[in-house]
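Presented below are the structures under discussion, each in the form of structure tokens.
In what follows, chain A forms one complex with chain B and a second complex with chain C.
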Partner chain A sequence: MRLSEVTERVSAATARVPRSVYAVGGLVIAIIFPLLNMAGWVETAWLRVGVISLLFVMLSLGLNIVMGETGLLNLGYIAFFAFGAYTTALLSSPKFELRWPFLVVVVLSALIAMVAGFVIGLPTLRLRGDYLAIVTLAFGEIVRLTITNLQDFTNGPNGITGIYSPRLVGEGALESLGSTGPAAWLVIDKPVEYYYLVLVCVAVTAVLISNLKNSRIGRAWNALREDELAAVSAGITASRAKLLSVVLSAGIAGFAGSLFAYYSNVISPESFLFMQSVIVVCMVVLGGMGSIPGVILGAIVLQALPQVIRQAAGAARSEFEVYRMLIFGIIIVVMVIFRPEGLLPDTLWRREAHEVDPREQEKTRQSLFDLEEGEKDLEV
Partner chain B sequence: MVHERTRTFLALSLVIVLALGMFGVTGCAAETDGETDGETTGEVEIIKVGVQTALTGPLPDYGAAAKNGIELAVEDFGTFEMDGTTYQVELVVLDDKAEPAESAVVAQTMVDEGVVGVIGSLTTGATLSAIPIYAENRIPQISGSVTGPAANADGVDTFYRTCWNDAVQGEALAVWAMELGAEKVVLMDDNGAYAVGLADVAEDTLQAEGVETLRQNCQSGDKDFSAQVANVKEFGPDAIIFTGYHPEAGLMRKQMVEAGLGDVIFMGGDGIKSAELVAQTGGEANAEGIYATFGGFPEEQQPGYAAFSAKYEETYGEAVGPYAQNNYDAFGALIAAIKQAGSLDTEAIIEALQTVEYEGVTGTFSFATAADGPVARGDVVVAGLTPANVPRYVVEGGEFVSVK
Partner chain C sequence: MSLDHIVSVTIGGLTVGMIYALIALGYTMVYGVLKFINFAHGEVFTIGGYVAAFTLLTLGVNDGMSALAVAGCLLAAVVASVLVPMAIGFLVERIAYRPLRGRARIIPLLSAIGVSIVMQQSIILVFGSKPVTIPTLALSSASIVVGGIRIRVLALIIIVVSAVLMAGLTYLVKSTRIGKAMRATSQDMEAAEMMGIDTNKTIAFTFIVGSALAGIGGFLVIMYYGSLKFDAGFLYGLKAFTAAVLGGIGNIPGAVVGALVLGMTETYGVSVDLGFLAWFVVAGLVLGLYVQMVRIPRRRLQHIAEDRRTPEYERNLLNVYRLTPYHGVKTLLAERTDALLSVSAEHAVRLMAGNIFLAVVAAVMFVNANVRIDTRWQPVIAFVVLMVILMFRPSGILGEAITEKV
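== the complex of A and B ==
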């Protein structure tokens, strides 16, 4: 059997699995994972890998809205992450001696990132393709340089240290409940606690986005991506729909940034380099643009793979460290050669990436038609 | 179908390269394993020491030098006896890519591995996110290259370093400027962590002595400094302390001379002490009289350096890399602390590090037990080092010469 046939069959098989199976299966694995650590089978470092992977899952889900759904390439996405992270750091650290409640800080961080998304989105969204990519790239750099230079606010390159751990309840309630037993979970300061906190946030985000994807707005985004002119003729207000997608994705990045600041205790401009934006773009592309399970898988694979390679080297680890990133790169190259549409592709994107046998194409067209018919019935 | 075949071929060759690489790597590993296996028989006990460095990322040469220095130290001090048991150190080398997020994962891995101590990390930014994890899990950490004053701002007792805190130079520059009779001083940085740290300390020291100061800055890579020169001219200082690197320092000096500010004393830290500075100022005449300090004793003043560099060159076939000797000393100091503690309990080692006095390649030193002015907790305390005897250089006849 030729390699292409293998990959084709794998694609066909993955396409047949209902999406809900992925969702439930993924969630169960994610929930069980820390229990393995508590049982002593998995080391704590993997929990930290898990937290970072989940944060990047959020980022990829957010970027997927603009890139996968609306088809706007954003190369400065990490800037919104930075907005969220710095908002949190300023409101919950010894820098200004503030310790605002966790929920307020998280929501405010997301809102500020959304405002930033609105401000950058308004003038730039009339650009398309490469031009938009360049402007967003510049935006990312401007934000990073501003953070580096605004030393009175951000401590510049030294970063903000000693960010307080999130408290899920107020100080008074905390005192009366004590800090032992289940009450210890009210102050999030251990890797496993962060893990579950971020997992809940990721799950909520994923559900919201998948609902959005199947809503009127989601279809408007897809229509704009496929053919803007046709979409506008069909009555979609392009500027409003695009702006909404940019603002929403910025909000998710700000949310993730806030959690990142809490988790890492310290933030500095080094965490918001252009390279990080590129990695998030890679996660979306590798996982499968427009596909929520794909994007989640892409983020986990890209974040966890270097660690997996490290552990796979076993006793040879110390000698192996230098080659780790090289092998990581080779694996990505191989993946992109064989599955340009991503690991778990969206149906539409999959058809774009592959030349499909005409009979097969007819079948999918038919099934899509059936789908549309079915939905019409529902709407009526 | 040619296209398909090319792809298959390409992928297969990649897989083969990968497989060969793995084989090669595991091959050497098997050899080293064999060596240690031969010695683990009997009463030899293996202890793990972590090396958190950045082998990939922006500074791979620094990371490799650190690893080399530590490996040399393992040859020299890695096997020792304590209470009749022979201990042998096994290094756990992990790469943090100089990235803060990766650094936290690496630190946690070290904790999981049960290391008795960690040498590292390489950069200040990455260390910041590792410090709380080591502190919480009570694992001593000694860095041979983190010079940033921002490290250990919280003053934990698990962080130590064998290289000088940049703040030492900041204070030294301020003291020197005052010795030269400066009453109005401009401080200029390049917005990088290193330069800002240095300038902050210098500014605080000067202001505490009642010297009038003006702060200016530029970006690394800037070519035109006319705005800053105009500000300097208006302020009319006796001296300018430029804490960034030589490419900008040279141009700044050149443009100051052109603006008739050649008489203003021009000073900087080790970032400007480069042979290239003279050319960058546009000629010997412009560079004449530039002052620079250095963040460590020069190599000829480091007692063990000659022997260390000979051994390093013999082992690795290349000149000593940056901070290799500081990393060598970091490992040596950790082993000295273990011996002094007489125990592998990390709490006892941390206790011992407070009092250990270590005679290393770079000199005899101990660690600061409390923050004091620009000195952070865990900073290296070099016997007899004062701001006034930090190495000083001046450009004379087109090159830096030592000022006594």
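== the complex of A and C ==
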């Protein structure tokens, strides 16, 4: 049996399972997971892996909007994550002795990332796909280098430390409620609490995006991805729809960045390297561009699985990191060549990924025809 | 800033620019033929440098050897740093790019990013993550003194070797059979196929030539700086890509021009303490020159009435703006001139006056500036140039014309 047949059968099998089964199943597993930790069966380190994986799920969901739905490759996506993280760090740390309320900080972080997305998107979105990718890459690097060099503001390479834990209610209310029992959950400072906080945020984001995907604007994005010319003639304002997708995905990254800053306590420019952007891209490619369950799966597989393997193999961190990145690179190449629609493909993408541009096909056929005709002429 | 400084900084900029040019040529040729950004090209450059260093270290080159033996070692390093990247360029095209031909633009780009990661991590696996360092040779530290200015011999060698290679490439593309095939393939792949050109072979050849140039670039860099890090290719590759876009991607002389402009900007940017205001003036001058030389003339061409439009008239109008000191002034002084030409000449002279003013101010500030080295913002310069050029003029300085224009 040829490889393409195998993949074809797998995708046929996965397509038969209703999408809701994945959603409910995944959510149940995600909710049960920390309970295992509370019962003492799973180490707390795994909970940390879980939190980071969920943050990456959120990032890939965000990147999926531009990359999967609208078909624009963004190689500097981690910059928006950095915007969110640094906004949070500055507004809620001893650096400027600020401790703004959690909800305000999170919303503001997302908003600032959105503004950054708007500012970078406005002049660059008219560029062709590959140029856009490089511009976003340059943008990501400029953001990182600027953060590193603005010592007074961001502490440069040392990063900002001591970010406060999020409090879901104000200080006064917290004192009146006391700090025991269920009220302890109002101050998020334990891994379990972070885990559930991030899980809720991820679930909300996923629902929001899947609704958007089937809405008017989601169709507009897909139409732009498939054929911009046709979409524009059908009455879609290309620049507005594209800008909206970039701004929205930037907002989600900013949101995730804010949670990341709260969770990790310390942030430094090293968390926002180009490689991180590539990892998120890899997650989207592996899971399936434009497919929400696929993207979630891709993020979890690429973030959590390596940790599991590392634990099992007992490998040293630095050495393991090399192999991990090597495999990521191979995954991108192999997926793009053999299964461009990803592990859990979106139906639309599946059709599109295997189809050669009809105009190109027509041209090739025409030229072959011409060639045969020419040969006949020669024979005569 | 004295004359010594200006000369030494300029030579530094030329050296860096030439290395960027060697890498940028690979980007631009591949783009010209396939309309595809070969993201992994920077890593090919790193591999060239590593292979050269590995060869030198294995042969145990040092100054104790006779001159002939050192020369032999260097030759072996050059050969290795050309052959290995050639093989890699060929294989990568065959394995990772050819199956994706004809797909949407971002698909091959994704594959190229994957390849680039694989190569970078493979370098770490094979050579370790520490920077590779070669022993200091008399050649790499030698310098000559011309008129009181000290110049590294190696800088001159880099400039000369790169210039020779570029001349060779121009000859190859312009005058040989395979070069003709490359130009034909870049113009229209199907038509080229119908003319009996094996486009697959031609594309593979393009990759091989580009990789060889990048490999030599790697060799020259490791000789010049003495060490190379495994991730150096990322930055060099991006800068070279910036250079290619700056000059007009797909355009071979454009890549060289763009690389030299970028090298100069970077070197002056990190070594001259001009202050904020002066950079404003320099930016204004660049913008002013662009407006005078490119922007306005192109718009003026549209003002020509249909019945007067001849190539000669168009050339005259362009020359009024581009060669204002001669053509513009001559038009103004002539007894009888065409109305459009005369209006344009006045306009051009006014623009020129503004640009000369800015140039004088910039020159005065340059002469008074201090020399200091601050490399913190060095990579940012290239990225900002890249973003600005792609936002405002994606076709680059010399236009996005393909190899045909060589």
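As a convention for this text, the second predicted complex is superposed on the first by the 318 of 380 C-alpha atoms of A that agree within 3 Å, B and C clash if a C-alpha of one lies under 4 Å from a C-alpha of the other, contacts with A are read in each partner's own complex, and residues count from 1 in each chain.
As a working rule, contacts are C-beta pairs under 8 Å (C-beta built on N, C-alpha and C of every residue); 3 or more make two chains touch, one makes a residue touch a chain.
No experiment lies behind these values; they were computed from the predicted model shown.
Once chain A of one complex is fitted onto chain A of the other, the partner contacts of A:347 are absent, as it touches neither chain B nor chain C. In the superposition on chain A, contact of A:165 is made with neither chain B nor chain C.
Applying the stated contact rule after C-alpha superposition, one finds that A:157 touches chain B and leaves chain C untouched. Legend: residue contacts after superposition of the two complexes on their common chain; A:336 is shown touching chain C, with no touch to chain B. Judged by the touch definition given at the top, the superposed model places A:210 against neither chain B nor chain C. With both structures placed on the common chain, the touch criterion links A:43 to chain B but leaves chain C unconnected.
Contacts of A:278 after superposition: chain C is touched, whereas chain B is not reached. Contacts of A:134 after superposition: chain C is touched, whereas chain B is not reached.
On chain A, the surface patch touched by chain B in one complex and by chain C in the other comprises residues 145, 149, 318, 322-323, 325-326, 330, 333, 337.
Within the complex formed with chain C, the chain A residues making contact are 71, 73, 75, 123-124, 127-131, 133-135, 137-139, 141-142, 145-146, 149, 274-275, 278, 281-282, 285, 318, 322-323, 325-326, 328-333, 336-337, 340, 356-357, 360, 363-364, 367, 370-371, 374. Chain A makes touch with chain B in their complex at residues 2-4, 43-45, 47-49, 52, 145, 148-149, 151, 155-159, 161-162, 191, 260, 264-268, 270-271, 307, 310, 313, 315-327, 330, 333-334, 337-338.
On chain C, the positions that touch chain A within their shared complex are 36-37, 95-96, 99-100, 102-111, 113-122, 124-125, 129, 190, 193-194, 234, 238, 241, 245, 376-377, 379-380, 383-384, 386-387, 390-391, 394. For chain B in complex with chain A, the touching residues are 4, 7-8, 10-11, 14-15, 17-18, 21, 25-26, 28-30, 32-33, 51, 55-56, 91-95, 97-101, 104-106, 108-109, 111-112, 125-126, 128-129, 132, 148, 150, 153-154, 191-193, 196-197, 217, 219.
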